[in-house]
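Two complexes, one shared chain (subunit A), two partners (subunit B, subunit C).
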Partner chain A sequence: MRYQKKELLNYINVVSFAVVEANLYLDTHPNDEAAIEYFNNYQRARNQALREYANAFGPLNLDTAVINREFIWADQSWPWQLEG
Partner chain B sequence: METYQRNSRNRQSVLLDELPLAMAYVPMQRWGNLYSPEEGFQRATIFRDLDFPFHGKGGCRR
Partner chain C sequence: MWYYEKRLEFPVKIKTPDASLAQTIITQLGGPDGELGASMRYLSQRYAMPYNNVCGVLTDIGTEELAHMEIVSAIVHQLTRNLSMKEIKESGFDKYYVDHTTGIWPQSAGGEAFTAKFFQSTGDPITDLTEDLAAEQKARTTYDNLLRLIEDPDVREPIKFLRQRELVHFQRFGESLRIVQDHLDSRNFYAFNPAFDKQESGNNMQNRKGNCGCKS
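What follows is the complex of A and B.
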């Protein structure tokens, strides 16, 4: 495991913010190569981190929710719940 | 964390003197001069060019 739960959640927040910033910039500069490269890089990092988080601590969103035989979303602790 | 910091090619500036008079202009933002994602998250913008903290009076930059 690369990160503990809290660090991984913080990392997801940080890269998500970076992706949204690039997204807003691209709204008005749709062909900016440097911004596109930045967006692609941090979107990839975000998706990867969301998958890692889902595998270790349960999904944060529908895209990374994996249901095998039972839907356990409601039984997992919430991301903002402090353990112990 | 790795940071991807590349400036857009088109970062040269336009001289105000070259523009027609009596028109209002909003300079177009150009990509570059970024904070790291961590610092941008703390400052609520990744763009150093757009980081204008509010100090109770206008027009100042920290």
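What follows is the complex of A and C.
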């Protein structure tokens, strides 16, 4: 495994922020090639990290959730909690 | 349609509770220039926006504001953990506590309840976007005022992030206003409301009488 839980969550926060920021920029600059490449790179990194996180530590969203015997989505801590 | 993602847009980990600070920061949840009002403003205004890319800006910023509501709520929640009755009384948090204990309820720093009166949705794209520009600046001022009150870096960092987002949103709304104006008559942006009035073709604009209700 490449990352510990905290580190991987931090990485997801960073690449997700890049996606949000590029998303807003592209809304008003839809033909900016450099921004499109930036968006595509970070979106790919984000999707891969979300899948990695779900496999190792539990899902951050339902699209990447791997549900076997137990529905761990609701059982695990929530992000506003200090320990979350 | 929205899906939840189980993380904050910017992490909140506050080691030292401070009920007095919580009472000021809660205004960015439910106060006149708070994140709840911001989100409801942009998501409500979308339906009268005739231009798809500006609908995109309103949707995407409105969605980000929901995430900001969650960050502010998390800050208030963590600042009000494990309070003693003595701390509740001395911090002045008793007035909030008596109605809400330590639950999260959207109000201003002065105790005023959140209301839809904090924002407009006029159905006029120029008017709405001009309000949105002002709203981002008002929220930025509120965050500046909060930052003068806050010393704890655990609280300052997420507030600084939220303040920075107001600047980016202001920039995007400025571009959105330009996009709307580019669709309109450059000699009189107010000749008609593109969300409501029946529009004549662009090259016939100089001959039109206008539906603004004013004398031409």
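A few notes on this one:
One rule holds for everything that comes next: the second predicted complex is superposed on the first by the 74 of 84 C-alpha atoms of A that agree within 3 Å, B and C clash if a C-alpha of one lies under 4 Å from a C-alpha of the other, contacts with A are read in each partner's own complex, and residues count from 1 in each chain.
Note that a residue touches a chain if its C-beta (ideal position, glycine included) is under 8 Å from a C-beta of that chain, and two chains touch if they have at least 3 such contacts.
All values derive from a computational prediction rather than experimental measurement.
Of the two partner chains placed by the overlay, neither subunit B nor subunit C lies in contact with A:Ile72.
Of the two partner chains placed around the shared chain by superposition, subunit B is the only one that A:Glu37 touches, whereas subunit C remains out of contact.
When both complexes are overlaid on chain A, the residue A:Asp27 reaches subunit C alone and has no touch with subunit B. Of the two partner chains, neither subunit B nor subunit C is touched by A:Ala56. With both complexes superposed, C is the one of subunit B and subunit C in contact with more subunit A residues.
By the touch criterion stated above, A:Val15 is placed in contact with subunit B alone, subunit C being left untouched. In the three-chain superposition model, subunit A touches both subunit B and subunit C at residues 13, 17, 21, 25, 28-29.
Residues of subunit A that touch subunit C in their complex: 9-10, 12-13, 16-17, 20-21, 23-25, 27-30, 59-63, 73, 76, 78-80, 82.
Residue ranges of subunit A in contact with subunit B, taken from their complex: 11, 13-15, 17-18, 21-22, 25, 28-29, 32-35, 37-38, 41-42, 45. Touching subunit A in their complex are the following residues of subunit C: 3-14, 53, 56-57, 60-61, 64, 70, 73-74, 77-78, 81, 168-169, 172, 175-176, 179. Those residues of subunit B that touch subunit A in the shared complex are 1-2, 4, 6-9, 28-29, 31-32, 34, 37-38, 40-41, 45-47.
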